[in-house]
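Take a look at this one; I'll ask things after.
Chain nomenclature is as follows: A, B, C and D, assigned in order of appearance, with residue numbering initiated at 1 for each chain independently.
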Amino acid sequence: MKTKGSLLSFQYEYAAPARAGVEGLHDRDALWQRFRSVRAHTQRLAAPLSAEDQCVQSMPDASPAKWHLAHTSWFFETVLLRPQLPHYRVFDERYAFLFNSYYESLGPRHVRAERGMLTRPSVEEVLRYREHVDAAMERFIDEADDAAWNEAAEVLTLGLHHEQQHQELLATDIKHLLSMNPLQPVYAPASGDGAAHALRDSTGQTSRDGRSPAGAASASVVSALHPAAVCGEPMRWLERPGGICQVGAASSHGVDDFAFDNETPRHRVLLRAHRIASRPVSCGEYLAFMRDGGYGRANLWLSDGWAAVQSQGWQAPLYWSDVQAERPGIFTLHGTREIDPAEPVCHLSLYEAAAYAEWAGARLPTEFEWEAAAAGGDPALHGTGEVWEWTRSSYDPYPGFRPLPGALAEYNGKFMVGQIVLRGGSCATPPEHARPSYRNFFPPGARWQFSGLRLAQDLDR
Amino acid sequence: MKTKGSLLSFQYEYAAPARAGVEGLHDRDALWQRFRSVRAHTQRLAAPLSAEDQCVQSMPDASPAKWHLAHTSWFFETVLLRPQLPHYRVFDERYAFLFNSYYESLGPRHVRAERGMLTRPSVEEVLRYREHVDAAMERFIDEADDAAWNEAAEVLTLGLHHEQQHQELLATDIKHLLSMNPLQPVYAPASGDGAAHALRDSTGQTSRDGRSPAGAASASVVSALHPAAVCGEPMRWLERPGGICQVGAASSHGVDDFAFDNETPRHRVLLRAHRIASRPVSCGEYLAFMRDGGYGRANLWLSDGWAAVQSQGWQAPLYWSDVQAERPGIFTLHGTREIDPAEPVCHLSLYEAAAYAEWAGARLPTEFEWEAAAAGGDPALHGTGEVWEWTRSSYDPYPGFRPLPGALAEYNGKFMVGQIVLRGGSCATPPEHARPSYRNFFPPGARWQFSGLRLAQDLDR
Amino acid sequence: MKTKGSLLSFQYEYAAPARAGVEGLHDRDALWQRFRSVRAHTQRLAAPLSAEDQCVQSMPDASPAKWHLAHTSWFFETVLLRPQLPHYRVFDERYAFLFNSYYESLGPRHVRAERGMLTRPSVEEVLRYREHVDAAMERFIDEADDAAWNEAAEVLTLGLHHEQQHQELLATDIKHLLSMNPLQPVYAPASGDGAAHALRDSTGQTSRDGRSPAGAASASVVSALHPAAVCGEPMRWLERPGGICQVGAASSHGVDDFAFDNETPRHRVLLRAHRIASRPVSCGEYLAFMRDGGYGRANLWLSDGWAAVQSQGWQAPLYWSDVQAERPGIFTLHGTREIDPAEPVCHLSLYEAAAYAEWAGARLPTEFEWEAAAAGGDPALHGTGEVWEWTRSSYDPYPGFRPLPGALAEYNGKFMVGQIVLRGGSCATPPEHARPSYRNFFPPGARWQFSGLRLAQDLDR
Amino acid sequence: MKTKGSLLSFQYEYAAPARAGVEGLHDRDALWQRFRSVRAHTQRLAAPLSAEDQCVQSMPDASPAKWHLAHTSWFFETVLLRPQLPHYRVFDERYAFLFNSYYESLGPRHVRAERGMLTRPSVEEVLRYREHVDAAMERFIDEADDAAWNEAAEVLTLGLHHEQQHQELLATDIKHLLSMNPLQPVYAPASGDGAAHALRDSTGQTSRDGRSPAGAASASVVSALHPAAVCGEPMRWLERPGGICQVGAASSHGVDDFAFDNETPRHRVLLRAHRIASRPVSCGEYLAFMRDGGYGRANLWLSDGWAAVQSQGWQAPLYWSDVQAERPGIFTLHGTREIDPAEPVCHLSLYEAAAYAEWAGARLPTEFEWEAAAAGGDPALHGTGEVWEWTRSSYDPYPGFRPLPGALAEYNGKFMVGQIVLRGGSCATPPEHARPSYRNFFPPGARWQFSGLRLAQDLDR
């Protein structure tokens, strides 16, 4: 039995899905089950939240929970139901304006920074919208002829991965919102069988920390939407040879072997020999950096990072408090408590990650070093999947990159400037969503994601 | 029977309250009834709103409805219950931080621009807070000995007027929020016996428009939180002699003859002979200004006003739409419809009011011209009480002005710079709240209040 | 002999000009001499400055010295030479765009905040522009027929007062620019016979401080563009009765009895009995306020002022340094040195002036209290003319105010909102420019003018 | 004879320098001559500018010409003279504060955005500073013992390349400043033997365009600080095979084979087969994009680019005017004229370059595709060296990148985030400064550099 605590590569977790159905037809039942499961998971995430919690937008980068609930439904309505389901009745024509995120080709849309003004439609109305879309999707999956179905299955799969991305965003956005409240509200208790549990184990299968679900139910929930303390053992360097590696995904938007277009085409890269750390950097290690004056030493920082430190007054990762205390506090979705030195450090900007690496006499891995190690078998990267790991790779298109056709061309490609690639997945990433070739990306100053780092080093330094 | 549509001065509406009780003791029952009535009215105003509506802050100048509900309770708790009610149990110690508006002397407080982040406490919790405060206030009114009571009655009265100010703000803030929503939600229907009615007639007495409540119920509600169409007749000039007038209020913070400190001391001013308009400027008249290119002619505008026109892209009053249509649209709390030319024009900045007056060959009255006319008997100012009327007086302290002692010194005095006086009251001003000496004040660019204008002219021009 | 140090009223200094010439015709020679004198004074002010000094704009509120030199010439060209001098050759048609300050009715103009981008025309070219205008003005004064002349004389006089306003602005703007330079450049030495001297005594007559020029030359220059140490004696209260007073100027834009339109019409006001201080507040007194924590006590401040203290980090008047030292430093146009406790405190915002007054148990005078005292004979206001004195009067129009006709309507009237009146004149105000009815005005947060304060008090407090 | 108009690769221009002197000692005379030449060239660039032109800062990204003159001298003083020349007298201790650009390790420095406030020191003083440094450098080169010299020669060479970078910045910054002036001043005429000539041919050797200096003198000057019209012939695709290539520079900071640290280490990359355009995109071609609605079609743009188009109102490249005219105007350092369709389009942001490429059915080359083609011999890239060419490569560190030791570590490495690589050099790049491995970098929205583009395409599209 694979255990999370071992050094076994996490990529096996992504190897599970069976291949496509007989004679090339995607299995309607299986996809319908998956659709229901993903959709239900989104709502479980919102369940602990009041209508007020779901409505407010805490900063322009974040969106209200209610908006996530509606937008992910708009996506299915727009790319599948409207064009392909005969006699589909649009739930509300005005939602095309309200819940289009950024698709210029789909017409004008509501200003992003004003999503929090939408006290109407209410949460109830949005849930009715979801039911309406779900019912229509069920009918569509039932009624589509084989040709239409086979094509639609890929778009549907994209829609599910899209919704999973928003599940993570919903968690990070709500965390940011609640953190702004002086009352420091608790999203959900860290134990029990409520919504928090659902976040990490909605499938009823082996929980992320590798313990059997029966015996570990309450324990596994402890770390539900917070990184597990996987950095208890000393970091070791894994030596990696140089040479040509295959990276990326063969094709995008399949059903059983889904990948986003930004992971394609699969191609060869030339790596230099290097070392990569056996596990992410821990809170305890990061605290040593802070205690050594890390936030006050310009020479450790990228120029933009140093400017951010000064203009933002950064002294610690986002959500830390009592920074001078021997053990600082940390705001989590399950309450505020002391940091655990064995947790991966989290909610860092790229700037902080790079400054830490400089202080530690190391560097960040490139996205390809990371991917090669993650995909490369035994021994591999421990602790992956707790925090997104900043790489030292800007988010540029792969050679030969071609976006999806139509409106979906806007899904990824147009953001390929000014952002940095993160790899791996986090405690808030839904199960079966990430994979070694997955390219997450955020601007270098972003801190509200579950973002940490893993060190690397040149071999010949 | 006094009718609203006549030229009879509105000041009689404010003359009703009986004098203080026997032997100088304020009547506990009467004040308790008034307390209950005002407190209930606030909640009736919020009743048509969902929890989401009550939580969101649409701009830094506005506050969430829920915040208004809580802050007005905090006020009683802070100035009466904590210092004066033995064994008073504070509802939640953290509310002193959350719901202090701007009292520096009462300690640190939550950032104004982040009031909308407070998804917790919930509306329900805030309503429990209100009940808790109301119950304690009842006990206090019952149990206070005569000396304490007589002193407290004045502070209580201030608290009620404070709450009435927030009733109007609640209405203007909600109007702004709903207007930001592309769905253009209706706060409440303009007819029927629902909450909208309550806004203008919570006392069960003669409604503001002078019609008998029984027969006019549905009609009176039509104009509930929107200015009534009182400008149907042609404007006439009322000639006013020059000379020495008494203005202001004799003393602040009484019970039966309450006035804010900024209205004191009563003093003499020297007026010049002038004319003042018989009624406010109407939407129809303002539309003529617009059609004559008023928003494009720099020479009509104050310098800061012209800059605002250009930087904000103003082309019409706030909440107008379809400006090029023969009859533009207007967003109201009761839905969007065409403007009524006989309505007072509303939601103007001082800049627009002054530009209109310039275009019309007139000027705005000073606050003292206005007050002298309003207080001066027959014939007087028609249409007063529908829209706050911008004056050409900056909000400076009166000669001999002395703020209240203690924390209440911050109530008015510290805002006496950079603001302009408005007079009269609006459709959203609670009954018995305004009076001829009342000095409302806002920065010259503010448009989200129910603000219009009345013209004046020098006699010897 | 009147001495500056005495309590004799300064208004006599403004009484000197002789009446208009025989038979109602203004004296051409006298005006030409005055024109030459004013124009030469402007250039003397710029003489100590390099071309670089004259080109740079240190903030949007300030203008480059070169721009002042050109704009004041553009004024004469635009209001006199173009419309009235036959065959006048415009120096450069493009200057109408570059050097129009804010006259909307005179066409589009260069963006105010970009005046510092004008490295061309060069200083030399601007000086040629001035010569060109001066020569044309000489011809105009010679050649105009009597009717045209008599009318033009008033506009010419306005142009001279306009240029004097810019002389003071040139000094304050250059002071601000030089203060931004870490090298802390000296504009001119405080002694000697250089340009600095010229600033205060360009006419060759009795110097501003009343001493004979011969004996006082070096001493008078010491304080040239810095307030003289006139606060050496203890402040005394001057009691002033209440009642009706005449304020303002009878008519605007005369020649021998010139006043700006904003000083008119002369009218009666009703004053309340009060006290006014015998002299301005000194640096020593202000330092006591600072030492008593004045910048840290919210209850002393207007709300906007307290916000400014916090957002700007104010801890002392503008241009003070080493604030913790026993004797802080002060940057002046004549170098950086220690403050002199007997100097009037200078470079305050209204907010600081009002906070100081609150701390001192006093208030600021209204503009009419100030004017009545200044115009009222003996004993009167000592130290007037060293620093502009903030009043507690917003800059509103006088009753019956009517702006000048044509483009000159924009001179003053359109700024009558959001500003505060200052009275008296400063060390940088040219001789014969100010008068008791003079209304200077700036926004309440402005600190780069030579602005201080004088206390007042209600009699019956 | 190599001619500019041919397809011969420009890299030969960079191949000229002879190897280091005998026995490994760098030739003192040769370096001194080169020092003098580079230093003189900087001053020739500034010669057509008035003191005012040299003082003003037109935006935070730009620096005053005078500041460039001083900063480049401060560099030699700081890295060579102070640490290594015995008895060196620092010219002015305060300059370390004023003219340090961004070296945190060298102490505090003047705020970048306020460089334009430095009207002092004057241009004359800065020129004296340059003389002082030059004289000391001459003494240093003479007197250093061999060991010190050999080490210093590398730093000196770096200092010269540093100064050459500032020569280009001086030109681009002055262009921006002059363009802000409604008078549209001419920096220098495009013909004659003045300073403009010097810009492109300060060495007296073969001019950049390959013509013999004698015959081409006047012609070469025509295009002096403006891209030459090298796009007259139709663009052809050059097919480039995939495979492993060497890129980068072997070592940084040599003398005869100088490279910046950001070009190192030389390493192998794996390229995919592709096409690259024979010449840059021309103004004529770009105009076709504009006429086809390129600035109005969101689907062509990166997301940040589309936001910039809308917020900045971009409709054409920077410095274009009369955009609707058949032949738009263009502001150049030699005056404003119509665009030449055969000129390379210039002053584009990366966003515009990428949108054009999308419109043209192509893409931008990666920096390695560009370098391989430029270094790769015949046939190669025509028109290189007229405009910097945006690549589709973010400015990330090379594998194994190690910054210089000491303060010079800040030279390049700390800027490696948020920027995009440009390749090739421009008409404003000094001779012998660029090379195929040269990595210029700017943020994607920057337009004031001489930046254009060259197209590329995948082979298998």
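Throughout what follows, a contact is a pair of C-beta atoms (placed from the backbone, for glycine too) under 8 Å apart; a residue touches a chain by one contact, two chains touch by 3 or more.
Since we're looking at a predicted model, the values are computed, not measured.
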| item | value |
| --- | --- |
| Partner chains shared by chain A and chain D (touch criterion as defined above) | none |
| Furthest chain, CA centroid comparison against chain A | C |
| Intercentroid distance (Cα basis), chain B paired with chain A, Å | 49 |
| Centre-of-Cα separation between chain C and chain A, whole angstrom | 62 |
| Between chain C and chain B, distance of the C-alpha-averaged centres to the nearest whole Å | 40 |
| Touch relationships between chains, expressed as pairs | A-B, A-D, B-C, C-D |
| Contacting residues of chain C [partner chain D, same complex] | 50-56, 58, 94, 97-98, 110, 114, 116-123, 177-178, 180-183, 185 |
| Residue ranges of chain C in contact with chain B within the complex | 102, 104-105, 244, 267-272, 274, 298-299, 301-306, 350-351, 354, 366, 392-397, 399-400, 402, 409-410, 414-418, 420, 444, 458, 460-461 |
